[in-house]
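Notes follow the structure.
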Amino acid sequence: MTGAAAEAIEEDDDRSGAEAFARALRIVEALLFASAVPLSAEALERSVPAGIAVEQVLARLTEVYASRGVNLRPVAGGFAFRTAPDLGYLLAAEAEPPRKLSRAALEVLSIIAYHQPVTRAEIEEIRGVATARGTLDILLEAGWVRLRGRRRSPGRPVTYGTTPGFLDHFGLDRIDDLPGLDELKGAGFIEGRLTRDLTVPVPDDDPDLRDDEDPLGDLFSPLDDGEGGPQQGE
Amino acid sequence: MTGAAAEAIEEDDDRSGAEAFARALRIVEALLFASAVPLSAEALERSVPAGIAVEQVLARLTEVYASRGVNLRPVAGGFAFRTAPDLGYLLAAEAEPPRKLSRAALEVLSIIAYHQPVTRAEIEEIRGVATARGTLDILLEAGWVRLRGRRRSPGRPVTYGTTPGFLDHFGLDRIDDLPGLDELKGAGFIEGRLTRDLTVPVPDDDPDLRDDEDPLGDLFSPLDDGEGGPQQGE
Amino acid sequence: MTAELPFEEDAGRRADEPALVVDVDGYEGPLDLLLDLARRQKVDLHRISILALAEQYLVFVEQARALRLELAADYLVMAAWLAYLKSRLLLPEPPKGEEPSAADLAAALALRLRRLEAIRAAANKLTGRERLGQDVFARGAPEEIAAAARPVWEAELYDLLAAYAHQRQKRVQGHISVGHRVVWSLVEAREALQRLVGEAGDWTEIDGYLTRYMASHGLPPREMKATVKASALSAMLEMAREGVLDLRQDEAFAPIYVRRRSARPAALPFADKRDAP
């Protein structure tokens, strides 16, 4: 072989070697980006073209990202992308991530939405279980539910209804955009045979008090038996 | 002021401008890397130094990442980093297998995408068959389809549309980017709502309700009932 | 008649099975079946012969029924409508009346088929895209960003509706007491029909016969009307298939007549008119 030919081959080798390395860079970059956990060099090695030293790939990536908004860092025995420390202020490290509403709270909220104005006792009647203390508080605090008034019935229980904030959060234009029975069924929320007992009311969040509702008024009025009682008129 | 002094100031301005741009690049890179969902240019703008055009930052980042293992892509009206498509096979091996959609579910999804806002009856009119229970449910649960509002027509049927999550999943920036829209137009199936029930309207996922979607509204607009075909109305 | 219609081309769908074994479950409804039949005409959907298509559909449905009785109602409704359309297409057009012309009906059906095909083509393109979680992937370990101020509590409309529907249904189901259902079994229906066949050499109207039969056996006619009709119809179809009796119905919703099968082969419902010119 002449010297020139050997040189040409060497050059070819170099080029294909550089290509393989570039490909390995892309692969490791993508794997680290998509992984939910830090990946070890051994785990990465399996996906990299044969003959490429994954340590070199990691070293190069670390270098490339050193001055960027995201850095490649060794974490927990592996490697992971992390936001550059000086940009940490962008991250909501302190802020609590939003919590998912519990199933029970969702049920209570949906009953209030469909059956409003509704009392606590009526909610429990529909659900068949007692409502844990705090469930209603969460909904009130979230700004989705409000105290409407009092039911004109023994004990004068407080009635609950939904707020404009509720419509806003759930992307509803109006409360009666909530699907009815047929639509719940059509969308697959209700399955199997329906019985006549299962009815879904047309929801109504009209802020005006109903005939059987009194204003919230004095929260300390004595309990009475419904009729007359020591209630003063307004 | 001497000419030399003025030049020096200009140079300083340039330098500080370049520095601000470099900082904006790092900030936008960090934010987009940190987020799993697309971020809008407006949202990014808030975190960028004043006077920096975030579009230029995004254009530069798109360019920088174009050949990398991770690319910056316009999706669902915003921007997001996504792994390069040619490496998908490597990552798919690690990821949990995607949920396979039934043919019926795919068809319903497409009709909702291309035809939105659309009612269940309209979907069934196009497919010529009742929608199996749970088909819509699957699409709703996947977060690709949502209840939009109600059609202003007798019965006020619920209208369905797609979500930003749908755009994200299928790598679409806007609903107008749906593939095959031109063919549907060419075939005369998209011409607004000119010929009553045989055209596909231009799909529209604008969250604002359409003219004919305003709720309660007038209850006496004509029934959109397919004629000729053996389909029963709702 | 049947031989004229090229069911050999079924091979396109399921090559491994005898041509006549038709799995209707493989179709997404009657329009899907029509579209598939239309494609086999191997012409542009714009130039499709609706008359030929209607004939193919009717033969298809008839053959499916000859093999198995449980065809979905959707298919039968379409068959009835196509039989009607076919007769309209074959007869001379009446003077312009209130109804749309047969040509208009045929054109509307062709348009529906083209529309379904177009949306399917679009669906294929959609699924051919690079999909998230399949071809491209998002950041696996996202970090919370301060810029996106989010509410403390999170809930989707979907979750809300699912929660409501679930607990409402669960609660109501807890209260159900299933009423005792009076059912006229297929076996009973067969017995009654066999007696009828024994008596009736000539066409007998089935509803009247059943009413008399129920009365003579001391069965409450009102509560059992639905179950009697359903079981009798199933039993009739089965016995017709076995060649025990003939059925006749002159038009949709008209009374159904039965008689003992004679030597001459009889037509099945929906096939009445296919021997017309």
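A, B and C are the chain letters, set down in written order, and residue numbers restart from 1 in every chain.
Here, contacts are C-beta pairs under 8 Å (C-beta built on N, C-alpha and C of every residue); 3 or more make two chains touch, one makes a residue touch a chain.
Computed from a predicted structure; not experimentally measured.
Listing every chain that touches chain A and chain C alike gives B. Across every pairing of chains, the maximum count of C-beta contacts belongs to B-C. Taking the mean Cα position of each chain as its centre, C sits at the greatest distance from chain A.
The central chain of the assembly on a C-alpha centroid basis is B.
Centroid to centroid, with C-alpha atoms defining each point, chain A and chain C lie 42 Å apart.
The mean-CA centres of chain A and chain B are about 20 angstrom from one another, to the nearest whole unit. Rounded to whole angstrom, the centroid-to-centroid distance between chain B and chain C, based on C-alpha atoms, equals 37 Å. The residues of chain C that reach two or more other chains are 137-139, 143-145, 147-148, 156-157, listed in rising order. Residue positions of chain A with contacts to 2 or more other chains are 30, 33-35, 81, 83, 90-91, 171, 179, 187, 189, 191.
The touching residues of chain A, when paired with chain C in their complex, are 30, 33-37, 80-81, 83, 89-93, 95-101, 103, 106-107, 109-111, 113-114, 126-128, 138, 142, 169-172, 178-179, 184, 187, 189-192, 195, 197-198, 200. By the touch criterion stated above, chain A contacts chain B in their complex at residues 25-31, 33-35, 47, 68-70, 81, 83-84, 87, 90-91, 171, 173-174, 176-177, 179, 183, 185-189, 191. By the touch rule above, chain C contacts chain B in their complex via residues 28-32, 34, 74, 77-78, 80-81, 100, 104-105, 108-109, 111-112, 114-116, 118-123, 125-139, 142-145, 147-148, 156-158.
Within the complex formed with chain A, the residues of chain C that make contact are 137-141, 143-148, 150-157, 159-169, 171-176.
On chain B, the positions that touch chain A within their shared complex are 25-31, 33-34, 47, 67-70, 81, 83-84, 87, 90-91, 94-95, 120, 131, 133-138, 140, 146-147, 149-150, 157-158, 207, 209, 215-216.
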